[in-house]
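Just so it is clear, A, B, C, D, E and F label the chains in written order, and each chain counts residues from 1 on its own.
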Amino acid sequence: MRILVLNPNTSPTMTAEIAVAATAAAHPGTDIVCCAPRFGSTAIDSAAESYLSAVGVMDAVEILLADGAFDYDAVVLAGFGEHGRDALAEMLTVPVFDIAECAAHVATLIGRRFSVVTTLARSIAPIEDRLLLAGLDAHCASVRACGLGTAEVDADPAGAVRAIVEEAVRAVTEDGADVVCLGCAGMAGVTTAISDEVGVPAVDGVAAAVALAQAVVGLGLSTSKAGVYAPGPDNPRSHWPLSRALGMSS
Amino acid sequence: MRILVLNPNTSPTMTAEIAVAATAAAHPGTDIVCCAPRFGSTAIDSAAESYLSAVGVMDAVEILLADGAFDYDAVVLAGFGEHGRDALAEMLTVPVFDIAECAAHVATLIGRRFSVVTTLARSIAPIEDRLLLAGLDAHCASVRACGLGTAEVDADPAGAVRAIVEEAVRAVTEDGADVVCLGCAGMAGVTTAISDEVGVPAVDGVAAAVALAQAVVGLGLSTSKAGVYAPGPDNPRSHWPLSRALGMSS
Amino acid sequence: MRILVLNPNTSPTMTAEIAVAATAAAHPGTDIVCCAPRFGSTAIDSAAESYLSAVGVMDAVEILLADGAFDYDAVVLAGFGEHGRDALAEMLTVPVFDIAECAAHVATLIGRRFSVVTTLARSIAPIEDRLLLAGLDAHCASVRACGLGTAEVDADPAGAVRAIVEEAVRAVTEDGADVVCLGCAGMAGVTTAISDEVGVPAVDGVAAAVALAQAVVGLGLSTSKAGVYAPGPDNPRSHWPLSRALGMSS
Amino acid sequence: MRILVLNPNTSPTMTAEIAVAATAAAHPGTDIVCCAPRFGSTAIDSAAESYLSAVGVMDAVEILLADGAFDYDAVVLAGFGEHGRDALAEMLTVPVFDIAECAAHVATLIGRRFSVVTTLARSIAPIEDRLLLAGLDAHCASVRACGLGTAEVDADPAGAVRAIVEEAVRAVTEDGADVVCLGCAGMAGVTTAISDEVGVPAVDGVAAAVALAQAVVGLGLSTSKAGVYAPGPDNPRSHWPLSRALGMSS
Amino acid sequence: MRILVLNPNTSPTMTAEIAVAATAAAHPGTDIVCCAPRFGSTAIDSAAESYLSAVGVMDAVEILLADGAFDYDAVVLAGFGEHGRDALAEMLTVPVFDIAECAAHVATLIGRRFSVVTTLARSIAPIEDRLLLAGLDAHCASVRACGLGTAEVDADPAGAVRAIVEEAVRAVTEDGADVVCLGCAGMAGVTTAISDEVGVPAVDGVAAAVALAQAVVGLGLSTSKAGVYAPGPDNPRSHWPLSRALGMSS
Amino acid sequence: MRILVLNPNTSPTMTAEIAVAATAAAHPGTDIVCCAPRFGSTAIDSAAESYLSAVGVMDAVEILLADGAFDYDAVVLAGFGEHGRDALAEMLTVPVFDIAECAAHVATLIGRRFSVVTTLARSIAPIEDRLLLAGLDAHCASVRACGLGTAEVDADPAGAVRAIVEEAVRAVTEDGADVVCLGCAGMAGVTTAISDEVGVPAVDGVAAAVALAQAVVGLGLSTSKAGVYAPGPDNPRSHWPLSRALGMSS
């Protein structure tokens, strides 16, 4: 089985970290290929960056399809709360897995109420929106932010772990969560710290998505094309795919 | 007062029709400027096209801001159910009005239950999503589709009006709607036909958005910057604005 | 355009204050006429007073209709959370605007989550009821009370402003609101104080209702008569209109 | 035990029919006194008439209180979906029972999904509103109307029974109801007809309210005065109680 | 009238206490018979014990039916939040009353928002589930636990009353409840303590269920057999009724 | 990995069919052991049978635990909409997977709206309840019944497939489903028939549960013991485990 994991931002460090997490969740026979858009933002902390990244991952997939190089059994979209899953589901016949939704699915399977701990407070609302649209908000106790942006997390990983663990404690004691989802990608060691220090299971979205991708592909199932994810009509587009129009070779 | 009306697709015909509808709803002292993205799709009938158009309108606004040429008091985003409003709200200090939300606001003010009649069935789900996220779904009786795509509407406007009126009748008799919102932009004469033949008020989203923009600007109010619409952090982006990277002059 | 603004209580001071707020939101070509019921309560702090005031404004409108003196394009009902809007919508062919609903509409247009700050705690429940029935509760973060009754507000306006601003701060910091609606009518200077001291937009219901009335009337729209707001059957009534039965001349 | 049953309209026929239904549900030791407002409407088919009747029953209760003649253990408000219960709950220390809510309570106790069958279609919305505000809408399968107004029901009772039974059949077969509530007061014989012909339990609101009143009073419980039903502040009112101002003796 | 009150656990002390509470709520002409399962758990503090007790009460009813000894007009299931009501409703033609649902019904009739105070925190979730399934959660302000298990309550009744009263105070001041339901059976004196010290009505589920049973039976109503409570198909069962298979004589 | 699949009814045929479906979804390294309760019902078509089966599977697990013979990494509870999952989650430290919930999780991952097609109409309500409690109802378009009981399905499998396919067609065309879940266990060939004839993905709950069990166990996660699934207190029980009390050897 081959799974394409798409980091929606353009940070190579983040792509590498996501690849590590994805690979750790892969079966022996599963190949993980992790890549990033050819253009966009180095981190995603706003709606504008989220839309830009959605178009970036669409572009990356479009290039693969156009080149006849799309040979994957599933796609994981590794942006927590970001846009774009529905567009990929339309474009592809293989199933697409959003890490925010997958974390929530796994959390719901092993507990009664889950909380999400994300980076900045401004990301709370889009994550709530994603859970609401996915119909996964009923058992969400809270979405909380540790207050650190991407750069700060990179600069002080140990401090970031402490900040996330502290927020996880609040999720459990104040909001009644019995599972915590990590609302960001690529943070090694945090799930262990939460399990150890908070005493509740911690779900990493990338690992959850890879696991669910393997499960669904193993069942022989894929995105329903009978509804909203049917391929779109062929309305003429200019400058598409954008990376080709920008003169980038594959 | 100056209002920028953004058609998210690249069809000049549609842009012109939107301009007519917007201008008709403008006060004597209100200037309407209607424009379209520099790249993208000629029509929007999929999630992929919706994201592409969101980035297209972000690009158009970014160019205006970068050039010091953004001198508007409000922006209307004239895509019914399309993405992008939240990104513009982040980027701008003036208020932004989505035509789907504005149609729903006006419908709720004058009736108890509204239905939306859109073009293709595949657009029903994104419109439902938009209303759900905006908190405006409670009084939505139904979202219905007349089954005609953009090209068909263009080829046979009179037939399109009949198809929409027929669906509006079903919305009233079967779903209990007492107001009908037009779920597409730029269809002259449909609101009159619905009012005349169905006997319920019909709301055009572009007109509604222009009217609400004038109301909110007149109140001296604008987008709250205390929450999710605060300006995003300055994460480095490549190839932005895209139209400049693509070598387009303004 | 002529707008009738109905203060549902009988306090002339309050009527005058509402008239000032309404006039400030009116376009140059809009005439504001502000009046109060011929009988009822000097303030509305209970369900009983709310029903009495609803009948009072119905009576005022009935007299105008009976005398052929109703020459308005819209009616604003200036009681925050009070009853009566649906009755006026039945009686009239011009649209009717409730200040609680209009404040919520405007708040939703410019932010993600709004709070209402009202006078006494006992008014919280009826305001919640009004928002729920109007389908505008989904983005309501909280309804809070400053704890001061009408008399206290009149006796110490500066103290009232301080109390409301304090509660607005809690709405923003504890409940996550990014817009605050004033849950009472006729308090000059409060919206400015909230904007200045709390840093979020503040919406005054009377101003919002006048602005939305102008917008809807400008769109050529009015209350749908195809549903629940159709004129009622002519069941015989005694002593109606009450003010005539009470021997009051117009 | 003494229960005051308030018919909110002024029709003596209806008052008599309600008294029969209430008396049939009373225990041997329970005295039923049934009365109507001193002014108002002979039937209630609109929001305006509903508000007028709410003030009418408030007036009737106020007169009793003022005269020291209120010697009841509970009050039943016998308008299905009408306003006023909350005002009476404020005014009185004994509990108040709304027949729409009580019918829904009893229906929920004996089935999984109930439907209401009322008179005119225009009464559907206010009944839905009442159930929503009472928190009793979750198990409501539908509110349906038989299409006959009060006068028609009076003129052809047998035809009215047939029309209601037909609608009850639809509620069961199309909407999945397993209990039917009669959405009007004073129709002898309908519950038997529904039980016999439709095969589901039928709940009469007046009987349900009397039964629940006896149950709650028997438990020694009454309206909580710790929240929204605390007595209102003493704001000055003019012409109150209205019937006294209108010159009516008791 | 004869009411069978089923204590779902096997503690004779608890059965006796429930009998006292039930008898106190019975009319002069109502006979209360209180019994417990022939096997099961001495207390119910887990889902496993709740299922075991549901089968225990089913067994007790089955024995009565098989012996032709079921001569009751109604059944009260005296487990707060426990399973089993739906099974009894299928098996019996007389109505079945769950004490958690009945407490919520009565609380909703006399207040606007109720809280439940139960024993251990682990019982909060099942009570919330029961209210959600019964459609009675909308006006539930909170379910709180006093933290004492059954044994502790038995060992120190006065301390238990203090703990429950303290939690009731929090429900009123922090959660906005105006009625408190006791989330356990058989605690004499607690309702009085709550009323006296907290100033809100307190509802005991056993008393509420007996009162509502008398009300519903008095109305001549019973469980609808037109839906989910129709008798089940006769699938072959082994070892049923279990108490007979276990060799117990009646 | 070893997965214990529990058929909650006692039919050996059904146990065998479930084993086939479970084994087909197992990885090469996964051992499936399928068993049934030692007592109970041969089919589950009522709440009473559902509770009895819940206790039956609890008994089966208890015996394994008591004998030190529980050496599984996960448990699948193969009753669609039946009770018991929460009890097993309390009793075990390995995760437990309910086939109704798992089917809904997988359906939500690959489509926007799913329908469930079950056997008898009386099973619709319990399945709706299970989805509601699991927080998975938001994207459920409908739960439908093909009208055939277990015996009829066994007697005419081809006819059962046709009946289910017909109902699946209605789910897609009338309710807007784009995925169909099979609301029963052990029907070979139905998912293929639905995919082929209806054109939407069909999800079998047993296969889905085995796939998700493998995914969750592969992630190193298990049931959270920090909340409602913590082991219950040790209240004394009589006759437990029941099968031992009934004199059955293991």
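Here is the rule we go by: a contact is a pair of C-beta atoms (placed from the backbone, for glycine too) under 8 Å apart; a residue touches a chain by one contact, two chains touch by 3 or more.
In this text the structure is predicted, and so the values were computed from the model without any measurement.
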item: Chains in simultaneous contact with subunit B and subunit E; value: none
item: Greatest separation from subunit B - chain, by CA centre; value: E
item: Proportion of interface numbers common to subunit E and subunit F (over half same, under half different); value: same
item: Remotest chain, subunit A as reference, centres from CA atoms; value: D
item: Rotation, 0 to 180 degrees and nearest 5, that superposes subunit A on copy subunit D via CA atoms; value: 180
item: Whole-Å separation of chain centres (CA-atom averages), subunit C against subunit F; value: 54
item: Between subunit A and subunit F, centroid-to-centroid distance (C-alpha), Å; value: 29
item: Where subunit C and subunit E are represented by their mean Cα positions, the distance between them in whole Å; value: 45
item: Multi-chain contact sites of subunit A, meaning residues that touch two or more partners; value: 112, 125, 227-228
item: Pairwise touch network: line, ring, star, complete, or other; value: ring
item: Cyclic chain order when read starting with subunit A and heading to subunit F; value: A, F, E, D, C, B
item: Contacting residues of subunit C [partner subunit B, same complex]; value: 25, 27, 95, 97, 101-102, 105-106, 108-113, 134-139, 172, 176-179, 199-201, 203, 207-208, 211-212, 214-216, 218-219, 221-224, 226-229
item: Residue numbers on subunit B that touch subunit A, as the complex places them; value: 10, 39-52, 54-55, 58, 83-84, 86-87, 89-91, 120, 122, 124-126, 129, 132-133, 149-150, 227-228, 230-233, 235-240, 242, 245-246
